[in-house]
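In what follows, subunit A forms one complex with subunit B and a second complex with subunit C.
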Partner chain A sequence: MKVTIKELTKKFGDFTAVDHVSAEFDDGKLIALLGPSGCGKTTMLNMLSGILPSTEGKIFFDDEDVTDLSADKRGVGLVFQNYALYPHMTVLENVCFPLRIRGVPKKERIEKAMKFINLVHIEDYLDRKPAELSGGQQQRVAITRALIKKPKLLLLDEPLSNLDAKLRVEMREEIRRIQKESGVTTIFVTHDQEEASSISDSIMLLKRGVQQQFGTVDDLCDNPVNLFTADFLGTPTINQVHGTWSEKGFVADGQTEIISFNVNIPTGTRLIYASRAEALKLNQDKQFEAEILEKYKVGKDTLVRLKYGNGSLRAYTEDKTIQIGDIVGVGMKDFGVFLFEAESGKRLL
Partner chain B sequence: MKKKKLSLTSLITMTLLMCGAVIMIFPFLWMILSSLKTQVEVSMIPPTFLPSNFTLENYIFALKTAPFARYFLNSLLVTIACVVITMFTTILAAFAFSRLKFPGSNIIFSVLIAMMMIPFEMLIITNYTTIAKWGLMDNLIALVIPFTASIFYTYILRNFFLSIPDSLYYSAKVDGSSDWKYLWWVMVPIAKPTIITIALLNTIAAWNSFLWTVLVINSTSNRTLPFGVFAFIAEGGVRYERLMAAATIVVLPMIILFLFARKYIVSGVSKGGIKG
Partner chain C sequence: MSLQKRKKSIDADVKITYKTYLKPLLYLLPFIISISIFTIYPFFNAFVISLKENYKALSGSFTGFGFGNYEYVLTNETFILALKNTITYVLWVVPISTALSLLVAVLLNRRTKLQAFFQTAYFLPLVTSAIAIGLVWRWLFNFDYGLINFVLSRLGADAINWLNNPSYAKIALIVYGIWSMMPFTIILLLAGLQNINKQYLIAAQVDGSRPTQTFAYITVPLLAPTIGLTMIVNMITAFKVFNELFALFNGKPGPAYSLYTVIYFMYEQFYVKYRLGTAAASAIALFFIVMILTLIQLYMQRKWKNY
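What follows is the complex of A and B.
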């Protein structure tokens, strides 16, 4: 099912938690709702599920306007951050609950449940109570309970945040697999950009309730609309150096050389030069010089930290002879280098 | 060293608890033992502890002279009606005050709590006139109607309901549940220990209700057990062994109920909230 939101807004008193967000989520896709804590992700999800009424704007499921439809009639599946399993019911009863509410006879609901239970691999603890399960197991039960009613839309609110690092990676792959097998349009909330990048078809990035950018992972990484997006995505974090535009190029604070770029910017504009670590090359096509401060082994590559201007830059190199303290020439590849206006964060290059 | 200290404290605790238990149980035991003695033995000085020859004569006398079976049935009917209706209204009210948002809910709840401070004795006159007006005097229904709701139990259950995470409610809503189904399929089962505890408290209160019963009931056939015992004494004169037999008949059902429901009472009292 395709989900369309138009100018969706939620205000709590004077505070705007979600601010005029519009987007289309295509059928069968997994969309990550990404943003720092408190940016309105849960609020947005609650509006989609019908738990919270929206202050303004519309929500469409396919062509149907569901803005005023209550939660029990929307037919979405929702997995809460804390899973919200019914503590007095066994795993099987929890999973069957949505069908029980619809008056499906017991035998039939268990039959239906078993199909999903096999998909999610929780068959070994059907008779246990939620308190007797690990976080990962509880999560799978919660996902099964959300899937069993064949939702047209599956909403997951930071489902992995309670798990340890290893299980988190396993579970996100599992969620991706289940999502692909069931083909349900899914919105996945997370504040972890790596998690969002690794499993989603597209990412919507929010900041203080305002949509920053909505697109594929590659879009957001290679073509950020502003500094916030560039800064939020990518590992390691994008390099940033403050400076000024003079005539033909960028001059970093405390530096004299001009790094030239082919754009038109008024002279004297305060700028932030940002480049991905992969976009810098050492001792090739030199555009400026910098001193090596640190170096680490990362897999088969070496990651170095360079001092430049008042900031520092990270770059990858295959050159094993580089030593701490060396002055190296730095060149740039034709991707992953951006200029942002310092004040507004707007992208100029 | 530490172990020894631990066992010493537990020994003291145990001794104190045992003393407490003996003090609690002794009157009941004395009542039952006395009811099995003859008139001569009951008034003997020094008193004997165990009856020298067990006799069921007092019970036979009590059951013969007063229709205790009838009283028992009346008590049972009234108690069941009071408890069932009170639990129903309590659950609904607790749900409304904990979950539903309606204008004035806080004010109404505060007013109800304030009303708890009015002692029942103050309400007797108004209740009495109401019952008289409705023509329900000397009718078992009069024993039920004033006791079909309880602010105190509502308050206890509301507090428990408030401790149930909101996310369960929203989760059930998203699963397609109505408020009604959520209440009976999720909240009530989770609150089972608390509900059983207040139902037991309510049962005891209803079973022992005396003052109101004496006021509105006249005919012998409509008496409940406590009233029946009272009338039995009043009519039969003070014969302690017979009195004790009658009292045993009144108290025994409650003691049996307690023994069976012990598990729930303990868990209801000790489990204040639920784990998240």
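What follows is the complex of A and C.
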């Protein structure tokens, strides 16, 4: 099912939690709502589920306007951050609950439940109470309970935040697998960009209730619309150096050399130069010089931190001879290098 | 390590002897003394008195120990009637007052503008004297001028002689009993309701559950431990019914002495007939009946709250 939101807004008194967000979420996709805490992503999820009424704007499921439909009539599956499994019911009873209240006979609902139970591998503890399950098991049960009523839309609220680091990686792949196998349009909320990038088809990035960018993971990484997006996505965090535009190019604060870019910017504009670590190359096509401050081994590569201007830059190199204190020439690849206006964060290159 | 620190660490794993308890015992002493004099001693003394035969309260004389008092009480027709009346009262009052209280508690739990008003209104009986309220109920049940008969006559029904017809008098007592039991039950149930995580109710709604289904499948099971507790407390209270009876029938056990309760029987043996032995025996008999029923109820409820 395709989900369309138009100018969706939520206000709590004077505070605007979600501010005129519009987007289309395509059928069968896994979409991440990403942003720092308090950016309105959970509020948006609650509006999609019908728990929270919207202040303004419209929500469409395919072509049907569901804005004023209450939660019990929207037919969405929702997995809560703390899973909210009914503590007095066994795993099987929890999973069957949505069918039970629809009046499905017991035998039939257990039959239906077993299909999903096999999909998420919880068959070994059907008679246990939620309190007797680990976080990962609880999460699987919660997902099963959400899936069993065949929702047209599955919503997950920070589904991995209650799990330990190892389980988190395991479960996010599990979510991806379950989503692919069931084919249900899924929207999940997270504040972890790595989690969002690793499993989602597309990401909507929010900041203080305002949509920053909506697109595929590659879109957001390779083509950020502003400094916030560039800064929020990618590991390690994008390099940033403050400076000024002087006719032909960018001059970092405290430096004299001009790094030339083929772009028209008024002279004297305050800028932030940003580049991904993997976009810099050492001792090739030199455009400026920098001093090596630190170096670390990361997998088969070496990650170095360079001092440049008032800031520092991270870069990868395969050259094992590089030592701390060396002055190296730095060149740039034709991707992952951006210029942002310092004041607004708007992208200029 | 400084001297002070060392002393502290020695204190922390000091060996526990009888002396360790001395200081805390001193603090607890006022409570222990008062509860010993006013609760524990009378309780055991009642046991002893119930076993003393031909016990005279003033002289303290008795002819010997035995089960004569129990024999008298358990074969006494008035006591059997009192027990029957009390059990009927408990069986009507406890379930109905719990159900009505649950209804009121659920309504109060919804945040409305009038919530504060209703809370006060429903809790008012708790802070008023049972005897004073009893007088009001007597007026409500009055044959000629009572509000209840007035409403009945407006509805086209015949006036009912509530307080003088034995079978209607029982209903009047039960109605008053239900009413007087509700406030405390509402407080307990409301506290229980407020302890239920709202997320379960929201989860049920998203699962497609209608409000009545959510109430039946989620709220009530999660409230079961509290409901069980109120049922036990209310059962014990209802078994001790006396004030309501005394107030409603002007100190008499109902019309034509038809509404004896166990406590009224005990009161009469003690205050009117000065038979301390049989009064104590009836109290102890009630104690065992209530204890056995409470244990059965506790055992049954263990199956409910296994999460």
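Following the convention adopted for this analysis, the second predicted complex is superposed on the first by the 349 of 349 C-alpha atoms of A that agree within 3 Å, B and C clash if a C-alpha of one lies under 4 Å from a C-alpha of the other, contacts with A are read in each partner's own complex, and residues count from 1 in each chain.
We adopt the following convention: contacts are C-beta pairs under 8 Å (C-beta built on N, C-alpha and C of every residue); 3 or more make two chains touch, one makes a residue touch a chain.
Being a predicted model, the structure only gives us computed values, none of them experimental.
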Side-by-side fit of subunit B and subunit C on subunit A, or clash: clash
First (subunit B), second (subunit C), both or neither touched by A:150: neither
Contacts of A:82 with subunit B and subunit C, given as first, second, both or neither: both
Contacts of A:115 with subunit B and subunit C, given as first, second, both or neither: neither
First, second, both or neither for A:129, with subunit B first and subunit C second: second
Footprint overlap on subunit A, where subunit B in one structure and subunit C in the other make contact: 49-51, 70-78, 80, 82, 84, 86-88, 97-98, 100-102, 131, 145, 149
Complex contact set, residues of subunit A against subunit B: 46, 49-51, 70-78, 80, 82, 84, 86-89, 97-98, 100-102, 131, 145, 149
Footprint of subunit C on subunit A - complex, ascending: 49-51, 70-78, 80, 82, 84, 86-88, 97-98, 100-102, 129-131, 145, 149
Partner subunit A, residues of subunit B touching it in the complex: 165, 167-168, 170-178, 181, 185-186, 189-190, 192, 274-276
Residues on subunit C engaged by subunit A in the complex (per definition of touch): 197, 199-200, 202-210, 213, 217-218, 221-222, 224, 306-307
